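Here the chain labels run A, B and C in written order, and each chain numbers its own residues starting at 1.
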Amino acid sequence: MPLDTSAYSLALLRVDGRRWNELRRIHAQIRTQAAADGSSYLEMGHTKVMCVVNGPSEPGPRRGATSGGGGGGGQSKNAEVAVNIVIAGFSSVDRKRRGRGDKHILELQSTISQALAASLHTHLFPHSTINISLHVLSQDGSLLAALINAATLACVDAGIPMTDYVAACTAGSTSTYAANDEGADPLLDMNHQEEQELPGLTVATLGDSDRVAVLVCESRVQVSRLEGMLAVGVDGCKQVREILDRVVREKGIKMIQEGTVERGVGLNDMELD
Amino acid sequence: MASSQHVLLSPAELAYLHASLSLTPPIRPDGRSPTQFRPLVAETGILPGTNGSARICFADGTEAIVGVKAEVERTRTRHDFPSLDLDEGAEDDDDLDDNQRDVVKGDNDWVEMTVEIPGYRDDDAGTVFLSAMLSEALLADGEFTKRLWINRRFHWKLYLDILLISPPLSYPLPLLSLTTHLALLATRLPRLKSEGDEDPLFDDDWAAAPYLYPRPTGKKGSKKAASAPTARPPVTLLVMAVGNNIIFDPSKEELAVADVALAVSVGESSSSSSTTSTSSSKPTAMDLDTEETKGHNLRLLSVRTIDPPSRLTPPGIPNASNSAYGANAGAKDTEKKKQQQEQARTAESEAVEGVWKAPRGGAKPLVMAALVQKVLEKGGVADEVLDALDGVDLN
Amino acid sequence: MADRRRINGPVGTTIPPIYDDASEKKSEVARATRSRPANVIRKMYLKTGVTPSASGSAYLEIESSGNGGSGLKLSCSVHGPRALPRSTPFSPHIILSTHVKFAPFATKQRRGYIRDPIERDLGTHLEAALRGSIIADRWPKSGVDIIISIVEGEQDRETSKAQGIEAWDTMNALSGCITVASAALADAGIDCVDTVAGGVAALVQDAGDDAAPSIVVDPIPSEHDKVLAACCIAYLPTRQEVTNLWFKGDLPASDMDVYTQLVEKGIQASKSANRVLVDCLNETVG
């Protein structure tokens, strides 16, 4: 179904009623699962993902047994970040099953793995593996961004030392490449419909800084528009970081109140209401 | 993966666990009673994008999500499918209901089930075994696929995606089965507006969509006894025996010392459907069924032996054959050595008190029958589980 | 998973056309009915040592149902015990790996070269059945491969209506697999507690709905109106133990007796098959 972009210029409202710089509702939870070292659940609009982190741990004997290779992964000085993405068959509107060898999934996996390996202190855990398994339950655009955010939260929950949050979000442009519209406005946080039609990119930044950790642009777009999109994207990442930070802090406060964890010494300035 | 994942327990630990589970009453590591299940958290309807979905979290942290998705598919007219031909209705070689012209037929191909276990390939033997077991139970009575029939030309194709979110800490069969059960109960298909063999047209109103498994008409909050028993999706339970004890819902460690483990699938059919279906026209059973309107109308759908991982555990070495305890000390001459070997042989085949030995051989048929009996008996575990699942709020 | 390494034939059924004999009335072409007594299994032919290159092998053929149908033909080879590859972690027991594969031409529906879920499922069942009989701790750090190819599946060529019958055929195939694998294991000289053999019993409904269902041993699904339930059993006769049990069907829970009888009959079928197995092994030795 083609997306009607002509209406945007009239009311400056997108198909789902947002303004150009508005994020969709982000809802996140951490420590959703008792068995894992770290876990999280994240919704960005209708995109819903779940993340389970196990590790850092010794590379499992099972992996060696099934692949027959063994050994290899655990020999490095840094911990290996192994990402496994399962896209559920029921996640999209039309059921589509992707196998494990799907190229698209492999690319997502390696992107996330590299982004996290750079921000986690993997050098503290030589000869070990951090297993991140991501489950996509529902897709409505910004999949990579949601996966990165969920993985970040789960890593925080797992207590793996990291430099800062890796917060991600998408940015697009209001008109298609073919329209060649120089004055097109940038858009923040694209949904599935917009992703189908409009040029877009996924950007992830490291914490509060403007340092970009991931930048993926898989569509054709004029260079002149790119800068605006990137600026909006980076700005969105900061908003996302705030939301993630709030989720972590709220959970932390709750855990202190419930007595699950000791109140740390450095937390005096934190208000526990 | 199968049940035979590696259990990191020493022979001494295994022997201790086996001994404590064989006591009467058995002492389980987590203090449960033999028939008690692990506490669980369940919710349904978590994914609006699916026709039905459910999530179950066991207290030990294992978690599964099941999503059901239905698509309309054109029924392939098969020349070897006599009931689809118009003029062949008179032939009685099929189990047609005589009063119904439009024979509702199902085909097992209409249901597709996939199981995803993190860390395992989807064609791994264990994963295939799990999905075969779950779909076998679902399709066993042949009634389920009939629910997917739209008209002669179209039917629903049902995709069941079963995801295990957590790593498989214990054998995930009961968890996956219970989650699938709830997801199917929560599944709704759009209401059909077209009639006869037209191209199907559906009502847009999701609130009007009927459930795949119709709800009892009685008040929802009222006791089960008030409403007539309705058909339910099957439930597969994991049962194991240690010594003389029968233990339900074993954890991974408990399964590691099992003498025998069985997966028993139990279904519940509505009393009305069992009177019409020719498959169960056993007069004696029929009379019984009509009497017992209160309890669950249970049916045994499938039983499978699960290869217990206990067969792969490392054996302990009794002192008699342990050289560190002087078993072979001074065995200089060959004659003596031979004798020692003979002793070792007997030690290998005979059980020594307190020394773990992987079970050999199978299980007595009586033990197996007792396991199944324990599941099915009135007020037994299957009854209990189904009652407990009734308590889950389906939205 | 698609098989991309070979040129595959078209998928789908290839049933040769069957023309009606004008002299016969159509309804007269009744399907075969069971001629054996209810508690007798079909004749079978079993021979060990058919594959010289394997450490143990066996071939099993089960008599065809007579009516143009094909019997079951299975060949099994056992390779091992042999050392495991270096990378495999230590195992105190012998590691069994079972492969069951239908030949592409074994059934009406052509089978591909890659094992489908049914074949993998059969493999798992077979593994469970054999693991109980093998004395696994006599071979630490070693593995054995059991490979079964089903050369001809059991299918009635006359009946065109295949609906729902395959499921029951799988059970017959499994019982054959267990018997033939047990013979091949014995041929390979791998220590077992006993020879395990497979047996199938089914609760069937014959002609007409009023007839009470009866239990038959070694059923041929096409000979019966409807199979209500069936069970396949792997049984160790001297120890009187069951190593694998697979029951499938639809039985009311109040009918535990029927279930028990079904299992008993399955054991009986397994015992009969075991007699053939032992005779065959004695022949080889003597």
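In this text, contacts are C-beta pairs under 8 Å (C-beta built on N, C-alpha and C of every residue); 3 or more make two chains touch, one makes a residue touch a chain.
According to UniProt, the chain labels map to these proteins: A = Exoribonuclease phosphorolytic domain-containing protein; B = Ribosomal RNA-processing protein 42; C = 3' exoribonuclease family, domain 1-domain-containing protein.
Just so we're clear, the structure is a prediction, and the values are computed from it rather than from any experiment.
Among the inter-chain contacts, the highest number of C-beta pairs connects B-C.
Most remote from chain B, judged by the distance between CA-atom centroids, is A. Centrality by Cα centroid goes to chain B. Once the centre of each chain is set as its mean CA position, chain B and chain C turn out to be 23 Å apart.
Distance between chain centres (mean CA atoms), chain A to chain C: 50 Å.
The mean-CA centres of chain A and chain B are about 36 angstrom from one another, to the nearest whole unit. Residue positions of chain B touching 2 or more other chains: 6.
Along chain C, residues 1, 89 each make contact with two or more other chains. Residues of chain A found to touch two or more other chains are 61, 99. The part of chain B that touches chain A in the complex is made up of residues 5-6, 46-50, 53, 57, 59-63, 65, 67-69, 71, 114, 116, 118-122, 159, 161, 163, 165-167, 169.
The touching residues of chain A, when paired with chain B in their complex, are 33-36, 46, 48, 50, 52, 54, 60-63, 66, 84, 86, 88-95, 97, 99-100, 133, 135, 137-138. Interface residues of chain C, counted against chain B in their complex, comprise 1, 13, 15, 27, 89, 91-93, 115, 117-118, 120-121, 123-125, 127-128, 131-133, 135-137, 160-164, 167, 193-194, 209, 212-213, 226, 228, 231, 234-236, 239-256, 259-260, 263-264, 267.
Of all the residues in chain B, the ones that touch chain C in their complex are 2, 6, 79-82, 91, 93, 95, 107-108, 123, 125-126, 128-129, 131-132, 136, 140-142, 262, 266-267, 274, 278-285, 288-289, 292, 297-307, 311-315, 348, 358, 360-365, 368-369, 372-373, 376, 382.
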